[in-house]
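Take a look at the structure below.
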Amino acid sequence: MDLGSDIYRQQILDHYRNPRNHGSLEEPTFTHEGENTMCGDLIEMDVELDDDDVITSVAFRGDGCAISQASASMLTERLIGMSLEEVDALDRDDMIDMLGVEISPMRVKCAVLAEKVVQDGADIHRGKIDLDRTNLDDS
Amino acid sequence: MDLGSDIYRQQILDHYRNPRNHGSLEEPTFTHEGENTMCGDLIEMDVELDDDDVITSVAFRGDGCAISQASASMLTERLIGMSLEEVDALDRDDMIDMLGVEISPMRVKCAVLAEKVVQDGADIHRGKIDLDRTNLDDS
Amino acid sequence: MGVTGSALLDVDRIRRDFPVLERRLGDDRPLVYLDNSATSLTPSPVVDAMATYYNEYNANVHRGLHQLSQEASIAYEDAHDAVAEFIGADGREEVIFTKNTTESLNLVAYSWGLEHLGPGDEVVITEMEHHAALVTWQQIARRTGATLRYIGLTDDGRLDMSSASERIGDDTAVVSAVHVSNTLGTVNPVDDLVDMAHEHDAIAVIDGAQAVPMRPVDVGSMDADFYAFSGHKMLGPTGIGVLYGKEELLQRLEPFLYGGSMIEKVTFDESRWNELPWKFEAGTPPIAEGIGLHRAVDYLESIGMDRIQRHEEALVSYALERFDALDDVEVYGPRDPATRGGLLAFNLETVHPHDLAQVMNDFAVAIRAGDHCTQPLHDRLDITASARASFYVYNQPSDIDVLIDGIDAARELFIA
Amino acid sequence: MGVTGSALLDVDRIRRDFPVLERRLGDDRPLVYLDNSATSLTPSPVVDAMATYYNEYNANVHRGLHQLSQEASIAYEDAHDAVAEFIGADGREEVIFTKNTTESLNLVAYSWGLEHLGPGDEVVITEMEHHAALVTWQQIARRTGATLRYIGLTDDGRLDMSSASERIGDDTAVVSAVHVSNTLGTVNPVDDLVDMAHEHDAIAVIDGAQAVPMRPVDVGSMDADFYAFSGHKMLGPTGIGVLYGKEELLQRLEPFLYGGSMIEKVTFDESRWNELPWKFEAGTPPIAEGIGLHRAVDYLESIGMDRIQRHEEALVSYALERFDALDDVEVYGPRDPATRGGLLAFNLETVHPHDLAQVMNDFAVAIRAGDHCTQPLHDRLDITASARASFYVYNQPSDIDVLIDGIDAARELFIA
């Protein structure tokens, strides 16, 4: 049985079972939370910036399906060292590429939740938007 | 072309073109009117009774399709000499038999309008029901 | 025969897609279907597309995770995109699938009307409205205390635009007008009506049930706020209608029907709504019907709506020419084929339209007789009923010849 | 295998009528369709009956005078009679065709609710209502100022009847309850609920979307005032639902949707309504869908609803037995197969239901994962989502074996 060849590639399963940067930061520059009500996926992310607005550390916690949690874990690894401009430039295709598997249209929201959370968090931090929490179903 | 073999039998056409007992009575015992709103058929009938409640004369006027007007004309011929009990006993099948042709379900209302008008008129006359005018769509 | 051949479609080829045209009726005569304004026939590709859904990917939508549901969801969502493009809407957010034009108009009247109308407000409609709009606005006006006002007609059955200017004013909250009248055939100047509504900050609701099947329609350039039509009149299945609405209006509008899949989040105490267009599609939607409608749109586009419009005009033109030669027939509506849709309501003196339709049936000609759901218009024309012949892509000039033969036979039968 | 063979239907023979069951998915595995509570598959006779309408007597109804319209009208009206008989209604007057259960319930809430509800009135529903009833009554209560009250549940997922006695009282105007829960599977004591409602002069509205497909239903003996269900869950097409209503209630009720064919007489100023059931069917109705539903009813009757109920019980019983052997699976709802419908919602510890459904899809098993349109019930159970397997006439014990294999594989994949 070769389920792994498809959506649950070893990598995703590994990140799901052993999430990287899981937990919270002592003194985050900003924290933001988002959900995908339809699926019940939840991601909360802490981000720490240096003086040049480059991400120095990041941590997340959450609840939900493998795609949402593994993509958050994978994203945190890539975020470190990124400037907020680079975060702004992330898009849906980056997330899907990063996961490295085919994502059915029904699950795209699971795959992009973590990206939206960090982007909205960064926007709020810079005063660009005013938002309590991200809700993917609103978009 | 044999259209006449079907619904527009010679008899019906004859009654439609030359309606019997058409017009009004000088001193009707009762008058009643009814319509078939959906089709726009209209029949008004005057009836004169003797002391035993037997119909001595009858006249009608109206507007509408051949079936409604011809069946009214044919019915007036049969009504003369009938007691009100006999009128009560008339039903839908009597009307269809009288027309002598197949009546499609869509046109049954056209065929029974005259019958309903005389029956409702007789009922009102005897105080059995209270009604302004017969409306087949209400039934 | 007076018909410009080049204006006509390749009817022989089109007819092969409509198996019902092989029906023979009565005295073994081939069916001549001239009741298209009531409902169009349905080509095999549309019937097949629905059968394929049932036989290959039968599932509920709303993004279930299993393969069949994914396929059905994508097909159903694609249908919205196809319809949006067909009518010039900005995207699927503006295209709500309902069950018919009637529900589409009720949706607007209930959701928009109950919220925005009150005493002092005026609802302006036309004397030629179909009951779907007329009765609905009449009743919603009654409930809200708003006043219903009618735009009158000219003697030749067009909208009286001076009456329109009088009726549409600062108290007008909504102007609701039929695009192509299903009785008079009149093509109304909807662009002007929309402009007049907007000048007075009213919304414009257009009933396109007879327009979308017959001619190119672009809701965007028309600038209508809402636009309603039915699948079954444009080669699609029964059980589906469309309501186009401007996105910003739909965003602000309260939902109409409540239930599954129109919500985003529900608790025992309150609910939040889903995104467009799903906010207005409660419960299991017409899935097979949406897929069928998509196929119908493809079919119409493969012919070309411009060419369909020319075909309709050519048939109406020929029919008017033949009717003109009969002096006991009265045809309602404008005379110019370029300003009317492909339908003709008429009366033969001395023969009741129901009798005419029945005689026609003996000729295997399907026409409609009655009030065509425009009773007040019939009152206005001082008639109780009329006969109506309406044409579509599979009709040909010889169908009109058979119609005229039937009229001649009926006259003979009833007057002889 | 723990399944009483005699309780099962002749599944091999039935499966031949469902071409979609020949689909092979993923790794060339045969489709195992366990998403019947979302929508059932559709047998060829139903698809064929609709194609026959389109290919042989495609026409609008409302008693047009031509042959095709006569045939379509009779077929469409007969469909009402067949459905009336199937559910024990008194006649076609009591059977309204809508587009789905959701519209049926909205019809009652709008037409009856907006007229009868006001501050001080109470609407009593259950904590296990589907959004179709829950959101609708919640919003209509909000508009009218009525209060919404919920009947609570027992720990094993049945209605708490002592809570029902407390909630239903003299202020109760309507009791609306699901017959068979689409999440817990619970078969509710609707006869008792109807009696309790009537004792307090309230009306009883029953959501039978999951009950009518699975078991004999007699609305007459139940004495429900309104009863709603959908065609697409009982082998019929999408795009059609049913609202049963007691004739005397429907007579007094104001119409919901306004338009053609629900009227008797219209003038510019006012309208009178048509007779039942047409008063509640505005516009062109779901004609092909009504004809398809008629055929679905015939199909179900040819099997026998008693036998279908026993088949469902046998499958649920076997599934519960297999689930019981897994100690990391939680099944929601009552344990006794005789008091539940043919569906099971469950969760596997450690595997999110969406992931489970996706793994199942690799096994060609179609299950649903999500909130099944009962979000408040899920909150009450303290879960965000669940997986659900639901059975119908073409399912067999081996389908459940494949389901269990999928669960085992998912566990291994995610926990290893």
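First chain written, first letter: the chains are A, B, C and D, and each begins at residue 1.
The working rule: a contact is a pair of C-beta atoms (placed from the backbone, for glycine too) under 8 Å apart; a residue touches a chain by one contact, two chains touch by 3 or more.
All of these numbers come straight from a predicted model, not from anything done at the bench.
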Co-neighbours of chain A and chain D resolve to C
Higher C-beta contact count, B-D or B-C? B-C
Looking at CA centres, what chain is most distant from chain D? B
Counting only Cα atoms for the centres, state how far chain B is from chain D in Å. 48
From the C-alpha centre of chain C to that of chain D, how far is it in Å? 31
Whole-Å distance, chain B centre to chain C centre, using C-alpha means? 38
Just the number, please: Cα centre separation of chain A and chain B in whole Å. 80
Each of the following residues of chain A touches two or more other chains, namely 38, 107
Listed in rising order, chain C residues that touch 2 or more other chains are 64-65, 69, 265, 354, 358, 370
Where on chain D does chain A make contact in their complex? 27, 352, 354-355, 358-359, 362, 370-371, 384-385, 409, 413-414
If we count contacts the way the header does, which residues on chain A are in touch with chain C in the complex? 37-38, 104-107, 135, 137-139
Per the touch rule, the chain A residues reaching chain D in their complex are 1-4, 6-8, 13, 16-17, 38-40, 63-67, 107, 110
Chain D touches which residues of chain C in the complex? 19-20, 23, 25-26, 31, 33, 35, 38-39, 41-42, 44, 46-47, 50-51, 54-60, 64-69, 99-103, 105-106, 109-110, 127, 130-132, 134-136, 138-139, 148, 150, 230, 232, 237-241, 257-263, 265-271, 282-289, 354, 357-358, 360-361, 364-370, 373, 375-376, 379
Chain A-touching residues of chain C, taken from the complex the two chains share: 63-65, 69-70, 73-74, 264-265, 274-275
